[in-house]
Structures are given as structure tokens and as C-alpha cells.
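So that you can tell them apart, the chains are marked A, B, C, D and E in the order they are listed, and the count of residues begins at 1 in each.
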Amino acid sequence: MTAPVISGHAIGWRVGGAQILDDVTLDVGAGELLGIIGPNGAGKSSLVNILSGVTRPTTGAVHLGGADVTRRSATRRARLGLSRSFQTSALFDGLTAGENVHLAVQASGPAPFSPFRPARPRRDPAAGEGVAALLHRVRMGGRGATLARDLSHGDRRKLELAMALASNPKVLLLDEPMAGVSAEDVDGLSEIIGEVRDSGVAVAMVEHHMHVVLGLADRVAVLHHGQLLATGPPGDVTRDERVQQAYLGEAL
Amino acid sequence: MRSAAVLKALPGVVILAVLAYLPYVPAQLPGILPGRVNGPGSLQLLATCLVIAGIALSYDVLFGRTGLLSFGHALFVAAGSYLLTISLADWSLPLPAAVTVAVVGTTLLALVVGGIALRVGGIAFAMVTLAFAQAASIIVLRNPSGVTGGEEGKSLNRSAVPGLLVGVANAPYRYWLALAFVVLCLLVVTLLVRSRAGHAMAAIRENEGRAAVLGFDTYRVKLLAIVVGAFLGGVGGIVHAVVLGGSNPHVTTTEFTLALLIMVVLGGAGSTWGALLGGFLYTYADARLVELSGAGFADALPEVAQQVLAEPLFVLGLFFIVIVYFAPAGLTGLGGRLIRRGRAT
Amino acid sequence: MTTATGQGSAPPPGDGPVLAVEDLHVRYGGSHVLQGVSFEVPATGVTALLGRNGVGKTTTLKAIIGLAPRTGRISLRGKDIQGDATPRIIRAGIGYVPEDREVFGGLTVDENLRLVDPDQGVNAPIVGRLFPDLVSRGKQRAGTLSGGQQQMVSLARVLLRETSVLLIDEPTKGLAPKLVTEVADVLAEIAQRTPILLVEQNLPLVRRIADTVVVLDAGQVVHRGGAAELVADQELTRELLGVSMRRDGAA
Amino acid sequence: MTDFLLIMVTGLGLGALYFLAASGLSIIYGLMGVLNFAHGAFMMAGSYAGWLTMSNLPSGLSVATRLLVAVVVAIAVGAVIGLLVEVVLIRPLYRHHIQQVLVTVGLSLASVAAAQGIWGADPRTVEKPEWMGGTTVVLGARLPNDRFVFILVALAVFLGLLALLHYTRLGLIIRAGVENRTMVEALGINVHSTFTIVFALGGAAAALAGLLYSQYAGTVSPAQGGSLLIYAFIVVVIGGMGSLVGTAVAAVAVGLVQQLANFYAASGVGDLSVVLLLALVLLLRPTSLKGAHA
Amino acid sequence: GTPGEPGAPADQGTAGAGGGTSAAPVKVGLVYSKSGPLATYGEQYRQGFTAGLDYATKGTGAAAGHQIEITEQDDAGDPAKAVAAATDLIGQGHSIIAGSTSSGVALQVAPLANDNKVLFISGPAAVDAVSGANKYTFRSGRQTYQDVATAGSMLGDVSGKKVTVLAQDSAFGKANIAAVTAILGAKGATVDAVEVPAAATDVTPFATKIKGASPDLLFVAWAGTNAAAMWTTLEQQGVFETTKVVTGLDIKPTHAIFGKASTQINFLSHFFDGAADNAAYQALQAGLEKQGATVDLFTNDGFVAAQMIVHAIEASDSDVDAMVSALEGWSFEGPKGQLQIRAEDHALLQPMFTATLKGDGGNVVPVLGDTLDPAAVAPPVTPFK
């Protein structure tokens, strides 16, 4: 395996007197997909927040592409090649799907808010094609002109993914991308995520749909009460008795 | 594609061309304009309306485009206006230098004030900008070392500006100056809206948290919006001072910012022509309602009602509420809706 | 009165449905989301409302309690509630668990519950029995709860009051597998006393607790029947929902 | 020492007036997220209602009696105005916070202009009970009696509102409704009436503040409410946007800082002391101002 | 064609041709506050003007055979509106503008008069800078200097006395402080000032400072809305016990705001009901009565403005320079006594009054103290720039 693209070292996070995360160390390499599972409230979203820079850890360090980014803002990390999605979808509801993606492309490009550069250079078809390609990549080719607020749930999640991909990220953090997605779309989404991973991106995915995690993940990390309970290939982890007891139960 | 773009820009160009030609139109429009259209009174009124329209557009960069509710935009207009009159009169600078001082000074002020005020967001931002503008207003009224003229204002040093801009007979030239300012605002705002900055501003207006995570430095984008708005507002202040022959403390007040807000909403926030239309109509109505109230149209009403109707702000305030209510997209939005409905049936 | 025992509420007239929806239409601006939906919720058990993303399942629930602009006939225990305002409909005996939890993030867990039942809050017996995790978190602001914990608050909220039918929208969305099982058990238990109209994507769960199913597609009901039969019929599930059950069972 | 005592007591009195002016604004903002720009107009309504009541009651009654009646009338008028404004103007714009602000801006412009049209722009004198116009000498300082009244009223309003918010079901429903009105309704609770009550409360508090301020100023004028409103805004911002306790602390701080700066500091500092205080709070603790509710 | 011109010659041609036989009317524009914060001042001015025009034209409304046509415009106290209105009036051929209720308006309109060579007669605006502003600007009321000089007269010999000015920290306040320092300082008084910030709500700190310094004379220059609170505080803190307090007497409706202090204050006054008695005063009183009004502070300014305008038109109906020459140095009788327009800077030299208030039923009314000679309160000459 290649050197890890993103890693967290001994991450701890205390808030309101509670130790939410405790000594969590994990990493993801290029072209690798790490599944993060664990009971509700285990600290998965908190971990994603810390890796992406939305919250600062109390202890420990985050490295991105070899550099220590623990003190860098979310914006800086985004520009260093980190992308993420949210547990509850966050889109520009008043804009169309195409515009949403376009903004994501612009945000990750050079001079993202220069007042002196047109947002859509007339003679640069590449920009427009980029948007179309991204939409196509998440199987939303025909929906570019639909307002985000009018999209169905599954399409919203796909759109989020397209936006996360707009920056050609080195690292992609996904927080429950399949939540509330119908069975049919789950298949589509996992296929897309698989393609992303195969293109060489380091992907970390929090997800409760076990069959998706098992189908996609190269390695799985299990969080429990803020601690790393187990890491390893999916098969090993699901056989781990503690994992079964804490997380899987008698799965439906 | 190209011809479509030309077609889209056509109405605007026609409107501007008609406006530019007005000083050659000797017609009388009784009730609408005082005296003939190209008389000094009418042109002075129209010039004032145009300047304020441009300033309203500068405010729309913050409010309509970026979603920043600022109650302190007056500060920048006042800075442009006072810096010009003070540099001309007290520092005896030549006109180009004075204009430079006013523009640069206003922009720097925007950087400082915006930099501090943007440490908070939403309604708190509105209130903080209000407090700053209020402080500026107080300073102007205190007349420090006699430079601002306090509540009496500061008149323009007429010997320092070209003769063409002074005197009643030269009203057409001041009118064209105001029109040129509007064109400048239109160009800057149109280019800004199409630029990456404009799109980033729209993103912040829609969902600021999301924009931040996408990688936009929202603080800087908002600061940019404030600076661009302040730049145009400052230029507006300069033109305002020239058109009116001086600075007066009214432009420092909260009422002035509130009026700008009303204009923008009236015309349609986030719409270039909307802000211009709103600014123009508000100023026009404010000036003409005073006239009309004396015209006796309300004689049939009881005296109290007459007294109340004689207050332009009462009429404007109520009208504004009605607009917010029934045409939240402003007059331009309403117009668009009517046109679409007309086409549909 | 505080547990969902159903005693005291008037029994449904005969064996008739507790909730009947007839020719329900919902339009949002230009789009006609529901185009004449009709179905009934029997007085016992779980009725599952199924369909692909965006067909209007959530909209159906919202329309029933007056949160979506609707036309048609909706009656609760034979009484017409179509024109009523939301709070009235709710007080007539409907409990609603929204799709995205919608807990009050600024309020504590306890306050969230006291909103429904001023007297008990987090110490209500039913909370202790079904969601022990919440009891110790009474003073935590609900906005800082994990997604799953918020779902528990949302569920607990409707169980504090006595209702004749519960409308529950994707209760297992974002829940850990173990919790999914637990919630399924809770729902099954509740359903013994109070009928449930359940929107759910998780077919195994539907198979486990639902008695009847109603499938929506393109704004209309395309299938009604027993839950077991539908889930067993792979052809039909693929046709109606675009999936087959095989692989799901493998986990 | 004598001077210091006098400055402190009048500073507290001023703080009390600021708190009264800000309290209505603060609860309406804190609970409903509505920045009520018409608050100044509410205050003006209170002061005019009081003035009209006092001048229309038979002059045989003592001034104090007439003042008490005026207080009741003003509070009632404020509550009714608040109620009407909420039902007619605010409610239909639910969720559109900016539009709500805009409507109140329009309302404040229109109502001040209307008052100016009806009663003129000039200040009108109001009567003041003999005792309230007098002073009590403590340690050589002549402490104006009316400040004690202001302080006591402000304290009563503060405690009353605090209790209402935190110990009543109404407070709970309001706080929930601010976040998600639809969901409160979906739990079977009628929020409309609750919000109307909040606005009526805010209106009543504003009217009371307006009336007391006119007692302090000795006059009523259309512009009075607006001038007090600026301070109310600053107090609400420094206090942390909608926190009642914060508002109270900030009101006292602003009142004291202003008086102390005016007495001890060079002219010019006193002038801007309040804005400087605001900038300082902003630079040091921006997070406390991000808009916590209740 | 030339912008702004094309239609003009034709327009004016017809107007001019029409007036071939009988003398053409002279158009006079009044730009003053009909609405806004100074509407009451404006109303008084207008009432006085009507009475004055009647008096000066002997009821004909014409001077030297020219009908005087009055056009009124409201400036709402806003200089921007005033400039627009004046521009409009000048553009329509008005060669005489009068009005300016507020100082801000006066200072912004005065340059217009110079730019366009029209006669401007400023109204109630008190700012000193109107005198000596330019050749075409005159005033029909008093100026701040005359107010202050009147106050100074009340102290008798001020040499070695301590004088404090309590003023708002604004241009108006600063002008008063400067005037007091110049006038009374020159006579040997030590003058200091307590400036109250515009943002101060409560004046207790300032009253305390004054009490501590206990000056011989306190001159109060206050134009704010919280005047009543200020007087109450001065009274409560016992300033009147040790210090002689002087201030200007404002319009009638404000006489009540002095509260308990009213009988302890010495007032200087520009004009009030019963301040003088002569033919002009009686004409003013009668003229106001016809309009259902009574004599008050600014009715004088309107009356005098009308007198000046009629005098100017009698000199010439269109040559503004001739009007200016006729007015310069003119001496005449106005309602408050003998007035003279000083040629060097167009200051209006006029008598001033002192007064006290006395209770009269529930009301307070002013009582005349001294009448000061115009020369005793004459401002220094500020020649035109």
C-alpha cells in the first residue's frame, strides 16, 4: 500500500465534559476505501469533522498529504485536496444542480473569487464540460437545470457527491452518503463511489448500510464510545465478536 | 448566442440613450416634472434621482447579491462626499487629487470597518454596522476642527471644480455626470455578477456554511463585497456632492441607509435594474410627494388624515410595506410576473 | 394516560380502517406530486408505504396532517379531517415522526419531550424502557446528539401521548444495524396497541413487521396487498421498487 | 465620592432605561428571530398614549394618579399594537426574516411620520409627579428620585420575563417554535397564539419604556423612540443577541460606561465610548455574539 | 442645439412678449420648511412673510407696478431638497429666493445665489457664516453673535468673571462657544465650555461639573429634544443656587419645557410677543391675526424678508445688482425696531432683548427686560471672500 494520504494520530476530542473521541489513530491511502462504522453516537461524524477541519481536536494531529494540517481551517484543507459530504445534505437550494456543481468547480480552481475573471469564460468550453462531466459521472446527466430544492433525496445525495468530486480531490470524506436513499439508488451510488476509489482517491466513508460497506471497503474501522474497537479487512471485522455485539446485533 | 446577448442588452442601452438625450427635450410634463424636461429644475431633480439610484445599486452588491444586511452603507457614501469637499476646501487639493483621496479613503475605510464588523454575522452584523455608521454620524455632527461643518454641512469649493459643473444653467452637465455614474455602477456590477466573485457571493447568499466547506474563503468574499459596494458608494458620494453643491450630514444617517434598503427592496433585491429603478423612484417620490401634498388632492379628507398624508415618509413607508408583502421580488419582479402572465394567456 | 395504551380513546367504529385516504392530490407549484392517492390504514398492525425516492411518500404523510397543500378526502376513525389545521389534526389522535428527525436542537432532550407532555419528560417510563440511552442525556442539547440519538428523541416524542395512529417516516434512516433491529422491535411492540403507517426503505424490516403494504409510483398507488407476499415476490419487488431482495439478506 | 455616587446612581438609572428599551427588542429577537425595527415606534406609541391619557384625565386627579393610569393605558396600547403587528404583518412572513425586518422598517418610518403629521415635530411637555421630579440627598449627593423608579421597574420587568421564559410552558413552546414552527404544530401545539403573545409582550415592554423615558425627558416627541432605539440595539448586540441576562448586563454596562466617560474622560471619548465598547466586545469575544437564543 | 437650452428661448420669448404693456410680474421663490423637524419655524416665517408683504406693498401685492408672484417650495429641512428646489426656481426665472429655515439649507443655497446671480434673503437660519457669504446673500433674521452678545450684556461688567458655556458638541454648540469666547473673553471674562456629546442621554455628569466649578454666568446653548431633561437636571443639581443662568428664548410652545427652572433663568431674545411696539409691529400683529396666528419668534424674520424684497424690487425688477446696491446700507423700521443692512457683509444690525418668564395661570409668558441697541450687539465685519 502507498503512503497514507490522510491520517489522524491519537485524536482526542472533549466537549461539554465528555470525551467524545479518545486516542483514535487511522489512515487512508490513495485508491483505498476505508469504511468507518460504529453505533450511533460513537463519534463517527465527529471524527469526520475533525479530519476535515470543521472542528479542532483537543489532542492529536491530522496529516494531509504528509503535512500537519491540525491547525489549518476547513477552507485551507479543501484547497489542499480534501473534500467531504455531510450527514444531512447541504446544497445551495435556490440554485440549479448545474450551478451547484459549477460553484464547486470554481471554488477549487485558481482565483476562486476573483472579481476580474468571468465565472463562465465564453471561450473556455472546458469549464462547462467539466460541470456536464461531473453530473454525468454521478448519473445525473439530464438534471443540470433542475433547482436543487426540487431534487429527490437520492439525486440530492448524488449531487453532493458530484460537488465533492469537483475539486479533483485527493481525499474524499463521506458521512452516510446512503442515508435515506432507496434501495435502487444505493446500488447506483455505491457504483459511483467505487469508481472514485478506483480512480486513485483516498476515500473514507461512514455508513450504516452494511452490505455497501462490506462490498466496497478495503478496510473497515469500528468506532465504539469514541475509541477504535477494531480495524481490518471487512471479513475479519464482521467476525469480531465485540463488533457483532456492539454494532451489528442480529442485522436486518 | 451573440445576437441573443445583444438583444438582451438592448432595452438597457435604449433606456440609457433616452436618458442621455433628455437635456435636449424641451417638452413640458406638468405634474410629473417641475417645468420643462430640460429645465434646470427638472434636470437637477433627475440628476439627484440618478445619483441615488446608483448608490442604491452599490448597496445591492451587499444586500441583494451577497445577502449581507448592512445598516451602515451610508458611512461610505458620506466618506466619499465629505472627503471630497474637505480635500477641496480645507486641504486645497486639485480636483483629481481630491477625487483620488475620496475614493482611496473610502475603500480603506471599508476594509477596516468591514474587517471588524464581519467578525459577526446575520442580524448582529446589521447592528454592528449600524453602530459604526452612527459613530461616524456623530463625528460629522461634532464638526472636529471645523472641517465637516456639523449639522450645517459643507459646501463644495466651487472655484476648485470646472465651471461646467457649477451654476443653474449648467444643470445638464451635472445631470450627465450623474448618468455617467449610473453607467459606471451598471458596468461594474454587471461584470462583478458575471465574475467568479459574483458567483461566490451568490453562493454565500444561498448557504454560507456550504460555501465555506466548498473552499470559498467566505470572510474575504464578504469583505470584497463590502469593499466593492463601498467603492461605488464612495464614488456616488462624490457625485452627490458635486450635483448638490456640497456634503450634508443627512447622508451619514441611519435613515439614509434605511432608505437605501427600502429602495433596493422596492425595485427588487439582487436585480441590477431593480435597484436602479427603486433608487430612482424612491428619490423621485420623496421629492415630488412634498409637492403633491400641497396640491390639494386630499381636500376631501378630514384634517388629521391630510396632515398625515402630507408626510412623504408616511406614504413611502406604507407603500414599502405593501411591496414587501405583495411583491417580495420588488417592482421589477412584479413586472416580470405580469409579463409572463400576459404571455401565458 | 401517558403511555401509548390506547385505553380511554374511543374504539374505532367496528373493524373499519383507522385512517382512510381517498383521491388525495398534492401540487407544489407546477408539479403534481400526488395524483389521486387512495388507501386505508387498518385498525391494527403496521401498514408500510413504499416507493422509490421522490415518489411522494413523505408528501403523503405531510398531506394527511395538513403540512402539504392538498385536496381529497381524509378521515380519521370515520371523522373527516381534511380541512383542519395541523395542531387540530394532531390532537384528534395522530402522531407524526418526520423524516429528518426535526428535534429542537436548541432545547435539551428533556425539554423536547416536555413539549409534548409537560409532566414527564425524559423520566417517562416508556422512554426508560425503549430508549435507555436518552435518560442520562436529559440535560444535553438535542442538537449535539448523534443522528441515531436524535431519531430516538423524535420517536419518543410521539409515544408520550396517546394516539389512534402513528405516521412514521423512515425511522431507521442513519441508524446502526443493531439499532435498526431494536427500533423494529419497538415498532412491532407499539403496533400491537397503535396502528402505524410506516414509510421505510429497508425491505427486510418491512418484511419483519409490516402486515400490509401500499406502493406508490408516479404519484399513484400501484399496489396494495400483504407485506409478506410482496417481499417474497422478487419479480414484483423489482418491478415496483427497482430492487431485488436477494443480496440484502446476505448481510 | 459624592460625585462618584451621583454618577453611579444616574448611570444605573440610565442602564435601567436602556434595559427597558432593549428588553422588548431582546425577547422578540431572541424568541422569534425577528429584528423589530418598529420597536422605536412602539416606544413612541407608549409615550404618546401616556401623554394623551394624562392630559385628558380630569386635572382634579393628582399627577401621580394620572401617571399610574397612563402606565396601564400605555402598556395596554403597546400590547395591542404588538399583537396587531404580529398578526397582520409578521405572521404571514414567517421564515422570511429579512422581509420581517423590512416590514418593521417600513412601519417605523410610516408611524413616526404619522405622529409628526398629527402632533407635530415639536416636543410636548409631560407632567411629572412632584416627588419624581425631586431629589433625595445621600452622602451629599442629590440623587434624582425618578432614577430609583426606573431601576425598580427594570428589575421587576427583568425578573418577570426571566421567570416567564424559563419556568413556564409558554417559554418552552416559544423556544421550540423559534427553531421549527412546523414541527411544533406537528406535535399538536398551536404556535400562532404563542408568537402573538410574545409580540404583545414586546410591545407592552416597549410602551412602558417609552412612557418612562418621556417621564425622564419631560417631553414627548416623535423622534424620541428612535433615539433610544439605537442604544437598545447596541445593548442587545453587546448582550449577545437575544439573551435576556446578557441584555441586562450590557444595559447596565453601557449606562455606567457612558456616565463615567462623560464625567471623567475628555470630551470626545465620552461621545464614542459606547461604540468603542461595542468594538471592543466584538474584537475580544466575537463568538459570544453569534446569536444564541434565549 | 445646446443642452438645457433648446426650448428655452421660445418659452421665455412668449412670456416676455406677453408682458409688453403692463409691467411684468416679478417672481419670488420661498424655499423653507413646510414639513420636517423645523416645520413650526417655517410656518411662523411664512405667516410673517404674508403680513410683511401686505404691509410693504400697502395691500396691493405689487411693488413699483410689478405684481409679486410668490412660489413656495418645501425643503423639509433637507439641504438636498432645498438645492433642488432653488435650482428649479432659478431655472424658472425667479431672481429672488428667500426662506432657509435651517442653517444647513442657508449655507448650501447661498453659493447658488452667487453662482447664478440671484438675490438670496436667508430666513431664521442663525449661522454667522451667512453674513459675508457673498455679494448676493442677505439675511432677514439675527445671527448667533447677536444672541451671545445679548447674553453677555446681562452680566454687566464681565471683567474677571468666570463664564461657562453649556453647549452640545455640535456645530451649533461650537459656534456659540466660539462667540462667547470672542465676545466676553475680549471683555476680560475667563470663558470655558462644557460640551455635551450628541450621544449623551443624561446630562448629570455635566451638571455636576458645572456645579463644581460654580461660574458666575452659565450660558446654555441647547437645541436638542432633551432640553426639558437638561433643565430639570440643572435644577435638581442646584446649579441655579450659585450661578446666573442665561439662554435663548425659543418659540412659544417650548416655554413650558423649562419646568421648575423657568422663573430662574434669564433669557435673551431675538423677538417675542410684546417685545416692541411700532407701526411695523402692529402691522405684523394685525396681519397675523387675520391668518389666525399670533406674534412669535420667527414671524419677524418673514416680515422683514418681505420688506427687503419689496424694497429691492422698487429699485429694479430684473437687475439683481441694482437690487443688491439698493439693499446695502438700507435702514428701515421692522417689527422689532430700527434695522440696518450693513453694506460690508450684509449683516442685519438690529436691536435685541432680554426677558424673563413669569407664571400666568397654568402657562408661562415672557416679560421684557432690556432692549439692547443694535450697535451694542453688532457682529464684527466679515468681508466677502
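The working rule: a contact is a pair of C-beta atoms (placed from the backbone, for glycine too) under 8 Å apart; a residue touches a chain by one contact, two chains touch by 3 or more.
Since we're looking at a predicted model, the values are computed, not measured.
Counting steps between touching chains, the shortest path from chain A to chain D takes 2. The minimum number of touch steps separating chain A from chain C is 1. Common neighbours of chain C and chain E (chains touching each): D.
Counting contacting C-beta pairs between every two chains, the top pair is B-E.
Each chain's centre was taken as the mean of its CA atoms, and the one lying most distant from chain B is C. Note on chain placement: the centre of chain A and the centre of chain E lie 74 Å apart, centres being C-alpha means.
In whole angstrom, the spacing between the mean C-alpha positions of chain B and chain D is 32. Each chain gets a centre from the mean of its Cα atoms; for chain B and chain C, those two points are 53 Å apart.
Note: centroid distance chain D to chain E, computed from Cα atoms, is 38 Å.
Multi-chain contact residues of chain B, defined as those touching 2 or more other chains: 138, 142, 310-312.
Shared interface positions of chain E, i.e. residues touching 2 or more other chains, are given as 35, 169, 197-199. Among all residues of chain C, none touch two or more other chains.
Pairs of chains meeting the touch criterion are A-B, A-C, B-D, B-E, C-D, D-E. Residues of chain B touching chain E in their complex: 23-27, 34-36, 38-45, 48, 138, 141-143, 146, 149-153, 155-156, 158, 166-173, 176, 244-246, 248-250, 287, 290-291, 293-294, 310-312. Remark: chain D residues 169, 172-173, 175-176, 178-180, 182-191, 293-294 touch chain C in the complex.
Residue ranges of chain D in contact with chain B, taken from their complex: 29, 33, 35, 89, 92-93, 96-99, 101-103, 105-114, 116-118, 230, 233-234, 236-237, 241, 268, 271-272, 274-275, 278-279, 282-283, 286, 289-291. Taken in their complex, chain E has these residues touching chain D: 35-40, 169, 195-202, 204-206, 208-209, 212, 225-229, 231-233, 236-238, 251, 253-254, 256-257, 259-260. Residues 65, 67, 85-87, 90-91, 96, 98, 102, 104-107, 111-112, 114-116, 118, 157-158, 161 of chain C are the ones that touch chain D when the two sit in their complex.
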